[in-house]
Amino acid sequence: MVYVSATPVLALRGVSKRFGAVQALTDVDLEVHAGEVVALVGDNGAGKSTLVKTIAGVHPVDDGVIEWEGRPVHVNRPQDAQGLGIATVYQDLALCDNLDVVGNLYLGRELLRFGSLDEVAMEQRSRDLLNTLSIRIPSVRIPIASLSGGQRQVVAIARALIGDPKVVILDEPTAALGVEQTAQVLDLVERLRERRLGVILISHNMADVTAVADTVHVLRLGRNNGVFPVKGTTNEQIIAAITGATDNAVTRRLARNAEAAK
Amino acid sequence: MVYVSATPVLALRGVSKRFGAVQALTDVDLEVHAGEVVALVGDNGAGKSTLVKTIAGVHPVDDGVIEWEGRPVHVNRPQDAQGLGIATVYQDLALCDNLDVVGNLYLGRELLRFGSLDEVAMEQRSRDLLNTLSIRIPSVRIPIASLSGGQRQVVAIARALIGDPKVVILDEPTAALGVEQTAQVLDLVERLRERRLGVILISHNMADVTAVADTVHVLRLGRNNGVFPVKGTTNEQIIAAITGATDNAVTRRLARNAEAAK
Amino acid sequence: MSDKTTIRKPVDEVPPPAVATVDPRLLVREEGFKGYLTEFKRKLKGGELGSLPVIVALIIIWTIFQVKDDLFLSSANMVNISFFMAGTGMLSIGLVFVLLLGEIDLSVASVSGLAASVFATLTVNHGLNDWLAVVLTILTGVAIGAFHGFFFAKIGVPAFVVTLAGFLGWTGLMQWLLRGTGSLTIEDKGLLHMLGQRSFFMDQSIAGGYILATLGVALLLIGSLIDQARRRKARVPFRPTSEILLRTVALAVVSYVAAYVLNKSAGIPNALVFFLAALVICDFVLRRTTYGRKIFAVGGSIEAARRAGINVALIRITVFAISGGFAALGGLFLAGQTYTATLQAGTGNLLMLAIAAAVIGGTSLFGGRGNVWSALLGMLVIQSIQTGLDLLNMDQSIQYMITGAVLLAAVVVDSVSRRTQRSSGRA
Amino acid sequence: MSDKTTIRKPVDEVPPPAVATVDPRLLVREEGFKGYLTEFKRKLKGGELGSLPVIVALIIIWTIFQVKDDLFLSSANMVNISFFMAGTGMLSIGLVFVLLLGEIDLSVASVSGLAASVFATLTVNHGLNDWLAVVLTILTGVAIGAFHGFFFAKIGVPAFVVTLAGFLGWTGLMQWLLRGTGSLTIEDKGLLHMLGQRSFFMDQSIAGGYILATLGVALLLIGSLIDQARRRKARVPFRPTSEILLRTVALAVVSYVAAYVLNKSAGIPNALVFFLAALVICDFVLRRTTYGRKIFAVGGSIEAARRAGINVALIRITVFAISGGFAALGGLFLAGQTYTATLQAGTGNLLMLAIAAAVIGGTSLFGGRGNVWSALLGMLVIQSIQTGLDLLNMDQSIQYMITGAVLLAAVVVDSVSRRTQRSSGRA
Amino acid sequence: ACGKAGDDKKDSGSTAGASKSANKTIGLLLPENATTRYEKFDRPLIEAKIKELCPDCTVDYANAAGDPAKQAQQVNTMITKGVGVLILDAQDSTGIKSSVQAAVDKGIKVVAYDRLAEGPVSAYVSYDNEKIGELQGQALLDAMGPKATPSANVVMINGDPADPNAAMFKEGAHKILDGKVKIAYEQSGLWKDTVAAQKMSAAITQLGKANIAGVYSANDGMAGGIATALKGAGINPPLTGQDAEVAGLQRILAGTQTATIYKAYKPEADATAEIAVDLLQGKDFKSVADTTAKQTSGTEVPAKLLPATSITKANVNVVIQDGLYTKDQICTAQFAAACAAAGIN
């Protein structure tokens, strides 16, 4: 395991969030250190995306404290989070359908030349960036609306890498990706760790999680349900923490298949 | 392997589709038999979703023939496909954000009682249906807009099961699902096969594909790139057909990790 | 390092997954009346108040006008408000349908003007039977609306442009129809009499108002109780009896007081009765039929609706036809206010006020959200401002300014409460 | 069964993945002029024609009017068209900004009326200096727009309602300002003279028109060539020289012919020159600055823009301020047409026509799609219809009907070509 | 090298028009079409008279539909067409000044019709709007008879303040009514019957139905709405209007309206046509324009001012005799009895 600093770069203490009649998060804690990859796992609707959005400033927390490099901070708007150095890839991507790929990648931090947009430089760099993620996009000048699901996902990931973040949050980044692109993204996560960034990775894929994460945080029904170091924990233990039971659909399915194989 | 009838229930012959300057599909063939689970795999942007949408009538084909139970048919509108008995779960889900879960599930085939909507019956059946997919949704009366990614995905899957389809098309149904829900959906696919429905399953997850599919169709850059029976084909062979090379990011990553482990 | 002490807070007592359980995070409501109160407080804080803010704004407007002129809340003035709001209100109902699709119909005012002149031409110049003429007039409106809908849905011309072209074209047609005489006097008899100022429900009988009120209250109570029983049987959540009673009592108070006040001078104008009937029918269509459900679906997401097998073009055409029909009907109501078809029918701010009514009442301009009752609420606000300012006998230029300011203020109340909702993440 | 004979059609010659390659499915364009032609044909079939359909509609309209009355294409009439379209066109420019956000500003017409009366009051009643008065008037418009924007962006009142309230309120204020005198005559001097009918570019010098045309053509050519060179160097796709030349020649033909025709009677109206200058500046702002990019982003997806760190409220407020500013400027243009501030300024169909111009020109009502040139194209269509019908000596009621029909027809051409596009899956 | 644009006079507007029609064209610009008179009476009457006086003359016509900006454009179009004389009924008499100037600059003579436009017009033919207001006020006083006391409540519903003519009617009426009766409620009906009906209803609520001694309505259109509101309240005080619209005349016959102002369009149209043809042919028109009128700027303009008539139940026949409407148009089935009672047959 890589060296982990003492003060976490980002820490949540007792965060709660309610939507109308639904208590989406209750008293959640989370810590990310520089150079650490934290996997955040949990059942569907466990509150992972909600937690990510509170960190990214999409919606403010009801209760609890967000600490940045040890100091409590207020994150009320996405600008606040970006100002701190948090880059986020959202599960629902949030791209502007009417803008082209280049426009989306550089949205909010366009390159300028004599005060006007430097389309040439942006286009060139976008091509390079997308090539490193080995995605094939017909042209960087077509609107996002006409891209496939996976192509959009890669654009959203590439977006988070422009700029110079300290913490990168990836909400199910590989959900729509092909095998090759998934491998590239996992490589990318490892490169981010090497550059000593903090990474929060949300995924339902246990193989991906155990491949790149250092620590696994489990959320269940909006509450913390355990923190596991990846080394020395089995997938079964994590899944049991996610589903809240050792007897679940996964184990039953495995058992049935094993029986059928006999 | 289960018994497969001689005439495919659904067959595509030489289907082509162009969007503006992009030739998304070129001369694609595909066959699905009753009681068969066909996995459709391919890189991001390979044209899988485009193929599915042509079958479902979302956009008409430019060239080629769609055959239903041996007869050529015209599928120009979603109604046509539904009329034949094709139910589709789209990758981009396509739910009405402003309607609640019940409203979305029964959209277009509402239950009636004395000529007016039978909300009670629909609500009751929705709850039962969602429970079999072991998803926890705060209330079936909240609008889709406030559901998590996975919760929406399950609603879309449940939608396809209402009515009485002969072919079910699932475009990356488990992408956003948790481990338990994924297991339930795989169970479901197997139940569909037992009921002798044809199933087309798109997925980037080789484990899921090999677990439930009978045949694997590979698309690459909008063209057929091989048909494999699942039994007797290794994951590596399929991945090589997907990426078009035996030397790809996946193998490189594996090799590197193996070396590091030494 | 695989010891489990790292698990900080295991959730204990987890129910087996594939079994029907209530989500433990759902803040369930307590039983009985107290539960109703706490639920209301929560909604108040969260900004989920439905049309309550508009009602509050309306009460504020009424209070201010009453302080300025104590005739405002008099029976005679209330009869005026309730009579004059029906005509524009009918246009507004049609617009609610169109707005639910996320579209706009700029032609309603000029179609209403055309309808008046068509009716007048048919009855006065061609001596047609009253009822037949009414039917033909409404059919004209429906046909015009369907025509707009066709160009929008089938040819793909933006609804704004089609109905703008209609707005100009139908005005021209109206002027052409009336080119001979300019204005036509409509006889104060038959159906048009029923829409006029001197026609009251059950011929001004005191009982009329109370019968209507009783009917409404009884319908609500019986409907709610039946629904509750069915839901209880099907084991899905249902409204507690206390809430049903509270709602029924609230409606009863409002409607009996309204009946009492209106009865004090003349009774319930028939125009209002028709307007209310139209509201009830449209509300049923929108909330309780597959057709209504389809309108909401198309307004929410056209692509999702299309993929669900809904014939989007058909829905669009019919909705514009409905809007055209209501515009024609509204034109007859407006003609009934003066028994004349004039060249100026449908001009001025009529269109804007009809749209404003729907929007103030809470129907979204972006589709998929709203209900027909917003036409009633919005018209109450607008007509109250107009009648109130007329009572105060103020300069027209000042009236314009005050109308603008009050309109804005009325919606600010609503928006501020919704802002709470947005900041709590729901909109 | 693992033999690979089941692979039917292996794609051969696949490049190694992580290397820059062109997607083999992209139909690349052939080199040179022939490539341009085939590309054009493909676009024609696919319906991706930009503003070409509107231009075709315009040509059809012109042809029909010219056949009906051979004065239509005369120099004098063209001067009329180009002069009178500037005023409403300025309103339309402001509206394009608002429409790009997916919102609407109903107040522009009444703000334009108010601006005229503010300017007249300042200069006539208070004897203020011309230029100072112009600046103050435009600032009034900007302030009014920002006021609307504030209620919309910060309080959350729908833009439709805020600007509707403004529409009423500012009309009232204008009438109140002019309450004493009715209408005020503005002196035909200074800046207002430059906006008037008798003020032409470079004082009617023949050279004026050609200088303008040359300037435009040179700007396009040099700009395109520089861009091409940079792109070639950066190895990203660039426009072939043949295409650049073709575009330049097309612009040159249009602008020199226009200059020639206008010169034949009086020259280039200064109002048109200002209008064109405003268009060029706004086009630059929208397409070439971060501010413009942000407007498109907010119009495309508010949530995505917000998450990208864009201050959505600021963009909204400034866009409404721009719209208010252009409305005030347009008001001055319209006042310059008659040198009077009248009570009727900003009434009638001005609002509808200004919106229609933007929409006809191709700016979407749903946000995120469009450009300021649509204000020019749309105004050309609308002003041609108006001037043409005035030439034809027809009954006003018939004129209304024809205007409606022609408006619809002009957009049908556009919609039908887009329909091809939709059925080929792009819209 | 730098010539002036337009030096090449061959295509410039006036000459092009001149070569086309050899200055036999008279332009006719009318202000609006939301009242019947302009397209139904003024236009055909003027066209007929011009044809009679000058058989080979043509008339080019345009209507501004109530929009002063549009009218300015129409003046330009007329200049493009190269008319010799322009008959102009200004929608906004101040705002049209620069257009009049532009026409005169091109050598076109302008006749102000019905409303006195500012600028160098050659002649003016009209009924005096302020006089009409006075006539309306007088008609109301006459109808109220002895009830016209300084404490008698009178309701005034004026035209749209955005219309400059509305102010003149209002001023004239006030001149007569002020002091003789009490103007208890005064509002603008925006020229719309539905608006007027609402305002009248508010007035009834405000003053009480027993306390309304008379109602002034600036035109017949609004009087229609007012009459219904009065009927709704069950009262029938004196009510005046203007324009002698069919509906107004019918109400007068039925007794729900007391009086209207009839401006005989034919004499006005005939005088105008004569002046226009005289101007076109360069003849003297002083015999027709026998008086003068003063523009706001103070300039005296040769003018023909005609007297208007107040119509009550007693003299509805005048309108039919003048050929304004036929008996059938007024005496529809609904009003047959009232017609007979009033002696129209």
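Per-chain numbering from 1; labels A, B, C, D and E assigned in written order.
Operating definition for what follows: a contact is a pair of C-beta atoms (placed from the backbone, for glycine too) under 8 Å apart; a residue touches a chain by one contact, two chains touch by 3 or more.
Remember, predicted model here, so these are calculated numbers, not experimental data.
Chemist: What is the set of chains touching both chain B and chain E?
Modeler: Both-contact set = C, D.
Chemist: Suppose chain centres are the mean of their C-alpha atoms. Which chain sits farthest from chain A?
Modeler: Greatest centre separation from chain A goes to chain E.
Chemist: Between chain A and chain B, what is the gap in Å from one C-alpha centre to the other?
Modeler: Result: the chain centres lie 26 Å from each other.
Chemist: Counting in whole Å, what is the centre-to-centre distance of chain A and chain E, each centre being its mean C-alpha position?
Modeler: 74
Chemist: Can you work out the whole-Å distance between the CA centroids of chain B and chain D?
Modeler: 45
Chemist: For chain B, give me the residues that contact two or more of the other chains.
Modeler: If we look for residues of chain B contacting two or more partner chains, we find 19-22, 134, 136-139, 146, 180, 184, 221, 243, 248-249.
Chemist: Provide the list of chain E residues touching at least two other chains, using ranges where the numbers run on.
Modeler: 33, 39, 161
Chemist: What positions in chain D touch 2 or more of the other chains?
Modeler: 17-18, 23, 25-26, 175, 349, 395-397, 399-400, 426, in rising order.
Chemist: Between which chains is there touch?
Modeler: A-B, A-C, A-D, B-C, B-D, C-D, C-E, D-E
Chemist: Report the residues of chain A in contact with chain C in the complex, numbered from low to high.
Modeler: The contact residues of chain A facing chain C are 17-24, 26, 29, 59-60, 220-229, 231-234, 237, 241, 243-245, 247-249.
Chemist: Show which residues of chain E lie in contact with chain D when the two form their complex.
Modeler: Contact set of chain E toward chain D: 1-8, 11-13, 16-17, 20, 33, 39, 60-63, 65-70, 72-74, 76-77, 79-81, 91-92, 94-99, 102, 118, 161-164, 167.
Chemist: How about chain A: which of its residues touch chain D in the complex?
Modeler: Where chain A meets chain D, its residues are 56, 58, 77-79, 82, 88, 90, 94-99, 103, 107-108, 110, 112, 115-117, 120-121, 123-124, 127-128, 131-132, 134, 136-139, 141, 146, 180, 184.
Chemist: In the complex formed with chain D, which residues of chain C make contact?
Modeler: It is residues 106, 151, 155-158, 160-162, 164-176, 179, 349, 352, 355-356, 359-360, 364-365, 395-405, 407-408, 411-412, 415-416, 418-419, 422 of chain C that touch chain D.
Chemist: Which of the residues in chain B end up touching chain A in this complex?
Modeler: Residues of chain B touching chain A: 19-22, 42-46, 49-50, 91-92, 134-139, 142, 146-151, 153-154, 172, 175-184, 186-187, 204-207, 211, 221, 239, 242-243, 248-250, 252-253, 257.
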